[in-house]
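Notes for the one structure printed next.
Every chain is named by a letter (A, B, C and D) in the order it is written, and numbering of its residues begins at 1.
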Amino acid sequence: MLKRYPTVRYIVTRGGWYFLTFLVAVTLNFFLPRMGKSNPIDIIMAKVGGGLDTKAAQAKEEAYLKEFGLVELDAQKNIRRSADGKPVRTPVWKQFRNYVGMCLRGDLGTSFLNYPKKVVDIIKQAIPWTIALQLPTIIFGWIIGNVLGALAAYRRGIFDGVFFPLALLANAMPFFAFGMLLMYLFAIIWPIFPAVGGYAGNLVPTLSWTFLSSMAYHYILPFFSIFLILAGGQAIGMRSMCIYELGTDYVKYAKWLGVRENKILMYMFRNAMLPQLTGLALSIGQMIGGALITEMIFSYPGLGMALLTAIQGNDYPVIQGCTLLVTVSVLCANFIVDILIGFLDPRVKAGIAGGGK
Amino acid sequence: MKLLLNLLKTPMFVIGTTIFFGTVLVALFAPMMYHVDIIARVGMPYMPPGKEHLLGTNHLGVDMMSLLIKGLGSSLYVGFLAGMIATVTGTLLGIYGGFKGGWQDDFITLITNLFLVIPTFVVLILISSSLKEGRSLALIAGIIGATAWTWSARAVRAQSASIKSRDHIALARVNGEGTLKIVVKQILPYLFSYVFMVFIMQTASGILSEACISMIGLGPYDTVSLGTILNEAMRNEALGDGAWWAFIPPMILITIIVFALNFINTSMEGVFNPRLRK
Amino acid sequence: MPSETTIFSAKNLTCVFGHGKKSTKAIDDLTFSIADQEIVSLVGGSGCGKSVLAKIMLNLIKPTSGEFLYKGKPIIDQRFHWREVQPVFQDPFSCFNFFFTIRDQLKASFGIMKTKPSKKEMEERVDQALLAVNIVPSEIQGKYAFELSGGQMQRMLLARIFILRPAVLIADEPTSMVDACVRASILDYLMKLKKELSMTIVFITHDIGLAYYVSDRIFIMHRGKIVEQGTPDDVALKPKNEHTMKLLDDIPDIHKNWISR
Amino acid sequence: MPIFEVDNLHLHYLTRFGAKIPAVAGVTFSMEKGEVLGIAGESGCGKSTLVNGCMGLFIPPLWPTSGNVRVDGESIMGRSPKDVRKNILGRKVAMIPQGAFNSLNPTRKIKDQAADMIVSHESNVDKKALYERLRQRFDLIGMETEKVLGAYPIQLTAGTRQRCVIGISTLLDPKMVIADEPTSALDVTTQKAVIRMIFDLLDKQIFSTMIFITHELPLLRHVANRIAVMYAGEFVELGTTDQVIFDPRHPYTKALMGAMLSAEPGQRQRKPVAIEGAPPNLAYPISGCRFAERCPQVRPECRVNKQEIRIVADRQVRCDYAE
């Protein structure tokens, strides 16, 4: 039936592929923490079995084991224990089944550190901040970087001579290092911006003007530290793509036809943009990762900070929850970009239409 | 050959290699000239740079210069090892897929694309946090390499698939050369400059990745790297105390190494890919 | 009947690329035979399957179905086959590796021989082969493929044939990438090979004038089929098949009225 | 008055180190209405450089040294790039490039590319009228207008794509069209269709004269009224098609024509003339005849005396010893 709607067919096949990737990611999320001899799951098991913990910790860990279906339960939903008091493990395949089931239900368990807060709630609190910071930065950084890269390729000369090494330098700096530098320069030495946090410490999140302005004020430094590095990296890629496009036969032909410069510039920009879009799909994971670390530097109340706190406090449910969420959002971003390319690039589009034959 | 001469005429390449080999030389030979001790507390916490301690001390009173030299060595080592693992794995898979074709190629491409979209950052965190103990420098390099191979595999596959259609490969076959000999003599030389560029990029991104995971506190437990120095400085209020010598120098070192590698790569691209030349 | 004097014989030969809905028949149910010391031209437009047929003759592609015999026997030992059947390809620059000297690559062709000659003999034979194609050995000493002209490179491919002295030569558009003046010299060397080594030559071209000039028999190919075969005079001057007529009609020939205005 | 005149044109490339490499030297010809001039020569003989020169389009490192090019009596040399773009390219002199696969922007519909061309030359074009005009023109030149105009290049076959390129190039009814191997990437059947279309345009007086560049001599025999043979940046022979093809006088032309084979009785007994060697490197100055190193009839004087164009048997030949 889908044969008659090649576009739908394309979206469905791509979606299916991403679902497969999602399953692989979930599998990794399940198995990777179980590698190593001293892996967290075994440690928790041992702790619960040994009874060496405080009562509070014991309760949390037992709840974790039950929630994730890592141990066999008896009729009263208590952990079944062997003779020496060690919990009886469920077979790995059952653990995996339980885990996948939980993921698909959207249940990510309960945090250790903020017991009995649900992981989902912690993430829910953090996610608006992360989206507010990362979505505009990545989109603007990408656009501005591409425009600058295209200009550098088209103009060459002095502009390129100054701009290109700067962009290379930006590309060479880790996101967080630049964040630290900006923080040191503009929050410590010359304190015109706040160093940490997403809003002033004495405020309570409300929709008031004072709060919003404080938010905006705290937004500036993290924004620029991600934005500039990202734009630099994109500009380099765009510059070489554009130089390539300028050498193609269709640009030559357009010049022979006497087509206006700005039209040719548009041809070049558009055609160089498509591979850059593919590039975006591939590098979006890296960008989000880098931006998360920047959030950590600025103690920005987003996902990065939640992840850092969880890593420092061995809060496994939260770590796993965050990594899963990041994976899912990266996959979604990729999926969107994929579909976008399908619509924007007639070469791919022709392939989609032809695939229905 | 001729191309090598062209490279040496490119100022970018010369600058890049000079800086890079400069840092390598420092990492290798500085310990012989400068007494490096990263455990001894030789002064007060956060002593500013001075005569006694060229770059001051850290929050524990350890000489920053020692830390930097040691950290530089570790970071280069991680980058090199990770780059090596990622490049070798990726190149082997890429050549195999591109040259073999058929379902083997389809399978490798599928796996590569699959792992390409799963963010490496996540995988790094998961593995690192599961290996709470025994997270040595080499292991971290291994983890980084194991997550980065996809990119090189994809790049190398595309290249080897395009070389495969060249007639000298058919001619080598009718000369009776075996597959291994064909790969070594007819394909690898063409890929060499390309693989080398991939290796440089992977080394650079290995150094950056190490800095990133060290920064979130999942770095090596047994030694210092530029990333762990930064992490320590961050955690111990170096910024607030205005102790710039605790974080600016490692930052500059990371940036300058990666910058030099980027420079080398861009200049090589310009020479090997004539279209980018002016 | 295939016998010792039949070089190639094919029966219901078919070669399919791809699978499922995307598959294309590059060679479609061919039956033909090529006799010893014959020069046969395969002529056709792009995508007619002539190059695929060449690759099958060279045992670089295995046919999907049908029977393909060399001297009355199926090809089992490919090394033996390559001692007997050797190619000259279209693009000489793509035939040589840029990373080894031309001379080294010419010497690499001794690899297919049953017993490799001594080093000294190898050098001598390379020199002789170079002289046979009118190139002074010192001219290419230590040179790489990108340092020579297209005409010189094409002659290097022919020199390779002079070294190996195979029984059959598969020439896949050997003159399509060289300029008009060099073309004549390449043809000269092909004739010389034929005369000196009494070779069988399968000549693949899209230029019927060229085919008419060199061959004993011409096969006209169209969409994987041989639509007409016969002597050059029969095929080129008295064509019977409509595809042949169309092809002849579309090829600009200096003596014909090609296009009406 | 001739429609197109090239007068002693010299062009050179400027290397990075400031050296001038001559690419085209002393080319002179003029063309009347309805005429087709064929230019034949090996790859690298300066054909494509000459094309850029004829259009007044000098993209560094190509520069004019001396000489003049006139369209309709009006010189196109020494003008500003902007003037050349707006008033000459596409309007007076149009180009049909080889390899149409890459000549069209892969991500733009044919009608938009055609519109870009018109909009770049005319101000205040109404969009609706513009597309109507495109439709009429594509109908006139016998294309499947509806299908072609709304398509992306990838959806068209190589032949259709090349015909689109021809249609777009001639949208503004240029005086002169330069076709640079327009059919070299096509198979023989499509080649014929494309040539037929070009003649159709010429007959309908959409353009009035054409330079046709190819290394396929048999094709030139049917396309051109006159043929110029180019070697190492110079015209070595210029005459009518019959003169050059059936009765060549310059040694190089003789070799070119001698290597041409055709399917006709008696051909099998003929021996083609082979010429060894390669064209000279123009980076080094050549004092004598540029063909001397390869010429079968070379004399000692040839290596010293510069050869000039002279009239032999009603055509121009650049050889002192041609008869």
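We adopt the following convention: contacts are C-beta pairs under 8 Å (C-beta built on N, C-alpha and C of every residue); 3 or more make two chains touch, one makes a residue touch a chain.
The structure displayed is predicted, hence computed values, not measured ones.
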Leading chain pair when contacts are tallied as C-beta pairs: A-B
Chain nearest the overall C-alpha centroid of the shown protein atoms: B
Averaged-CA centre spacing for the pair chain D and chain C, given as whole angstrom: 33
Euclidean distance of C-alpha centroids - chain A vs chain B, Å: 22
Averaged-CA centre spacing for the pair chain C and chain A, given as whole angstrom: 57
Residues of chain D touching at least two other chains: none
Chain-chain contacts as defined at top: A-B, A-D, B-C, C-D
Touching residues on chain C, where the partner in the complex is chain B: 55, 58, 60, 79, 82, 86-87, 89-91, 94-100, 105, 108-109, 111-112
Chain A-facing residues of chain B, complex: 114-123, 125-127, 129-134, 151, 204, 208, 211-212, 215-218, 230, 234, 239-240, 242, 244, 247-248, 251, 254-259, 261-263, 266, 269, 275-276, 278
Chain D - residues contacting chain C, complex: 42-43, 187-189, 191-192, 195-196, 199, 203, 215-219, 221-223, 245-246, 252, 255-256, 258-265, 267-268, 272-276, 278
Touching residues on chain B, where the partner in the complex is chain C: 166-168, 170-177, 185-186, 189-190
Complex interface listing, chain A residues touching chain B: 18, 20-21, 24-25, 28-29, 32-40, 43, 156, 168-169, 171-174, 176-177, 180-181, 183-184, 188-189, 195, 236, 240, 243-244, 247, 281-282, 285-286, 288-290, 292-293, 296-297, 307-308, 311-312, 316, 319-320, 323, 326-327, 330-331, 334
